[in-house]
Amino acid sequence: MELKEIYSNAREKMKGYCRVCPECNGIACAGEVPGMGGAGTGASFKSNVEELKKVKLVLRTIHNCKNPDSSFELFGEKLDMPIISAPITGSSFNMGGALSEKEYVDAVMEGSLEAGTVAMTGDTADPSMYITGIEGIKKVNGKGIPIIKPRENSKIIEKIRLAEEINPMAVGVDIDGAGLVTMALKGQPVGPKTVDELKELVKSTKLPFIFKGIMTVEEAEIAVEVGAKAIVVSNHGGRILDHTQGVAKVLPQIADKVKGKITILADGGIRSGIDVFKMLALGADAVLIGRPVIIGAYGGYSKGVETVLTNMKNELIKAMILTGCKDISSIDKTKIVIE
Amino acid sequence: MELKEIYSNAREKMKGYCRVCPECNGIACAGEVPGMGGAGTGASFKSNVEELKKVKLVLRTIHNCKNPDSSFELFGEKLDMPIISAPITGSSFNMGGALSEKEYVDAVMEGSLEAGTVAMTGDTADPSMYITGIEGIKKVNGKGIPIIKPRENSKIIEKIRLAEEINPMAVGVDIDGAGLVTMALKGQPVGPKTVDELKELVKSTKLPFIFKGIMTVEEAEIAVEVGAKAIVVSNHGGRILDHTQGVAKVLPQIADKVKGKITILADGGIRSGIDVFKMLALGADAVLIGRPVIIGAYGGYSKGVETVLTNMKNELIKAMILTGCKDISSIDKTKIVIE
Amino acid sequence: MELKEIYSNAREKMKGYCRVCPECNGIACAGEVPGMGGAGTGASFKSNVEELKKVKLVLRTIHNCKNPDSSFELFGEKLDMPIISAPITGSSFNMGGALSEKEYVDAVMEGSLEAGTVAMTGDTADPSMYITGIEGIKKVNGKGIPIIKPRENSKIIEKIRLAEEINPMAVGVDIDGAGLVTMALKGQPVGPKTVDELKELVKSTKLPFIFKGIMTVEEAEIAVEVGAKAIVVSNHGGRILDHTQGVAKVLPQIADKVKGKITILADGGIRSGIDVFKMLALGADAVLIGRPVIIGAYGGYSKGVETVLTNMKNELIKAMILTGCKDISSIDKTKIVIE
Amino acid sequence: MELKEIYSNAREKMKGYCRVCPECNGIACAGEVPGMGGAGTGASFKSNVEELKKVKLVLRTIHNCKNPDSSFELFGEKLDMPIISAPITGSSFNMGGALSEKEYVDAVMEGSLEAGTVAMTGDTADPSMYITGIEGIKKVNGKGIPIIKPRENSKIIEKIRLAEEINPMAVGVDIDGAGLVTMALKGQPVGPKTVDELKELVKSTKLPFIFKGIMTVEEAEIAVEVGAKAIVVSNHGGRILDHTQGVAKVLPQIADKVKGKITILADGGIRSGIDVFKMLALGADAVLIGRPVIIGAYGGYSKGVETVLTNMKNELIKAMILTGCKDISSIDKTKIVIE
């Protein structure tokens, strides 16, 4: 399956929700939440893309890295690439509904696995969608990670119990979901978490715990302190709060303080294997991919997802050849220049 | 009433005066004074918007600010939000006249009150418009503030006397109106003010005095020195002088020197609760809203104004949740990054 | 006569040569030399405009400059404004020829005089055009300044002799014309000048001498050293060499070294009285206006030129009121911020 | 032959491959590889152009450089200009095929010679194209340089032997071709080179050796160390790796370390004699021209190439007059400002 065909299919199926623009940068879809856009003016989405653009790769071809190794180990699981499908729900209201929630989840779980990696699943105001995600992970024998909205702790722990039944790789909370004030209107209140609340969550399970939605050094350090195993440096794809900084801008500061103490994941604006390379060079251990995976799923079901991810892996490997990186741990700040 | 409907109505009613652009940034209406635009090339209007765009919010969700308080006290009056409707006149020549001056004033006074805040009224070459404003404030029992053009002091004091009869919250002069050379042609000369002239004005009344149109530290310090109770950091929405700096650019310098000594209000380019948050973080105690309130009034009379202001308040509260600000005094420069 | 009418007329008469764009910035006419554009990509023209845009005025209205004086003395002649019409030739090949060379020169000379100022005239490959300029200056009793191309010194001195007969205010050479290699093809070679050649020129006449086309501190200092009375900081409106810096960028460095030792004129990208103010604040004693004067002449003959210049004067005066400048010598770098 | 005619012809003949845009900047053709564009988003191509735009020439006309000398000596051969046609293959798949590979090579070799300079030829997955290049150089009596892809050393040395038979000026390898992973699919693997492999190549022939595709100081120093006679600072016209820095950005750092120790050539984004001037001022000894030469060949065969190159030479000479450079070694960093 070719990317061109995937884009063409997705453009057709997501009409009114995603234009599958030549450059996916948050401009055309600004404010479309629900939908595929960023919140408000779309500035946070745009910043994610803009900050990545400022990062330049240092071309080097005098070295012996002829066959780079792109593999990455996450919670004991070896993946073919440091690229994971991001937790996303709401196929109906965010993407137009040409795929059912179940179809979407299955396409992402299977496509990710076929590509040699794994996917996360999400949670939203409609509680059935979390269940759909859990079932999707079950189908791939637990090779996935459910991410839960920052509900009341007791509610989160209920959902962690459900997750534990399918033995996933880890579990997490996207704490930046705190701003989804509309969830309260549907009887599903979410909100900020205190340090003690985070501690209670981490202690509630033996699964590795992930906090998603970290944009400051302080909060990254809290994540380490409360015993989390990973953070996702993320502004929720720009969908939660207008006018935050771009992820690529804050990532190096965070990595500077917590790299090695916790697994650092990052997402926001990653569109190619080159962008993956940039995020790793800025300090991430691996990345999450959101919108391109959606387009893959809508454009070709699991095969579309697989194609999108495999293509990114190949681009990453090519970038490693052309910068002299034999493995992903060699991708560091000496391989880039920030302009 | 929905914002979408308000915008659609306003776009229809303000044809030729305001296009109600997706982004209200001074580009389409450059030079349209009278009208809704900025003076000359519109650079001052654009700078207001551009400088605000450079301010980024620091997303934080590990804290206990679950129900922020957005209230603000102005001259002893408790408002639900640190957001005030700006003094604007000339419904006929600036906005197209689909609303009479009286209808416009009433919509703004009532809509502001319904939203839990208050409005200012203005003054212009046609003296009847100041009276319309005073009458509007009277109808809401003095919950408003008249702002007078920088005429000869004796003329200003006459207008202060008229204001005192309706017992408003305060009174003020927009000293940057000094450049309205066309007012002299209509027998209503305005001009710059010396420090002594400002002192005379402040002493002429027991009402709290506001100087609007301050763009430098020196003039802010003079306002404190002459006994004013508030300043409005403002370039008159970019309508007085082409190519001034944006308000968000000069505000932090001014706040650095006079914060706490005088109430700091600010306006210019504020389009959302996020922008309100930014101005407060840059040092304002509260903000004035101009063009969005006009669009509210033209798009839905008092209900339109109320909707626009309430929406901004809700956006502000959401931004407070997502940055960890329990009340508006917590909104400070640690909550933003200027890029 | 209104500016709107002038623009409309000019747009009609200059079809194919000047579009009279809403913003005159060198984009639409890039490369149109002959014509109205900048050389090559138009980058030098664009830089003139862009650098001026970075200069912001400091709005101040607490002062007593209620009636600023915009007058300026040039070589003993008192002008109503520090604004002079630039030396321009080639009505036929640069502007389309709806006005004859003589009509163009007369419109500019008379319009400038009516507005309370003076004009320069130019020189080109067709020697008759220099004569047309001289005759134009004669008609206004010598209230003008002929500028000669950097031909061989003997040829320049011949032309100075012709000028002396009409007793002009000064005489000058636009030394940046050195790059007009096409003039050699027409038997009118031009080229760079050595310091000794400049000295010979200055000594050849009792008239004040101007060197136009200075873009560096070193060459400004040479102008002082060889006894010139004025320089024009200029990149020839971007028409001589692609990709030079903008005039507003180099002007402060030059003024820093030679201000007070020589009269500093500047041109390039000035479109309004605000732009005039900026150039003065950056260090110029007065400015030359090119394209807007052409548009004035084509849009309304001498009346058009007068209107354009008077409008700029009024904008300058308004800017002086709003920044607290009682006369043009008060317009200095404390009145601006460069962003 | 006029440039306008050449562009018009080329636009017609290259339909679907090159739009011959008014500004050749990598935007319209982003991602078109094969084709004329840059890889991926085209960012590397765009950076080449953008970085050159930041370089400004210092206009100076008080000096005695009235007749500058643009000649340049390369490997003992005197050229009329420091401008060489770049090695390019694939007339069919990159340019649309209106010219056969042979026609293309002949047009470039002959046109370059007519203009007073020489051309390089290339290598690609189809081995016959290297031969076509060699034959083209033979026709101009060895006044050309073949550049070989970074195949296995034994394969490169075979191709060097073929080159030696026609006695070219030099021979080289474009080591940044390492990323052409598709060549392996066609049984023509390429890849990075170790220092020892480079040494073996240089020692394998008595011809001067060139390494093309250097973007770092370290690799430039290795080129010196292994005995190469020239490097080409180049990101392969942005066609190899998306999001590298622009050549004009890295060139000064490289020149700072190796100028004088090795001949520094540079390419990427050069569109005019002004751009040539900039590259020399940034530290290059001479430049390669790619896309404009292709357009010349498609627009007018050898005459088109000659016209394009001669035009650049004339622009370069004019820039030398207007900056005071008597020969190309006078073009240094004092003649430019980087903004």
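Note that the chains are named A, B, C and D in the order they appear, and that numbering of residues resets to 1 at the start of each chain.
In this section, contacts are C-beta pairs under 8 Å (C-beta built on N, C-alpha and C of every residue); 3 or more make two chains touch, one makes a residue touch a chain.
Being a predicted model, the structure only gives us computed values, none of them experimental.
Chain C and chain D touch with mostly distinct residues; of the residue numbers seen at this interface, under half occur in both copies. Chain B and chain D, compared by their mean Cα positions, are separated by 58 Å.
Computed centre separation for the pair chain B/chain C is 41 angstrom, with centres defined by C-alpha atoms. Annotation for chain C: no residues touch 2 or more other chains. Shown here, the protein chains touch around one cycle, each chain meeting exactly two partners. Chain D contributes residues 40-41, 43, 47, 150, 175-176, 178-179, 181, 191-195, 198, 213, 215-216, 218-219, 222, 235, 240-245, 249 to its touches with chain A in the complex. Put simply, chain D touches chain C in their complex at residues 23, 53, 55-66, 272, 274, 278, 314-315, 318-319, 321-324, 337, 339.
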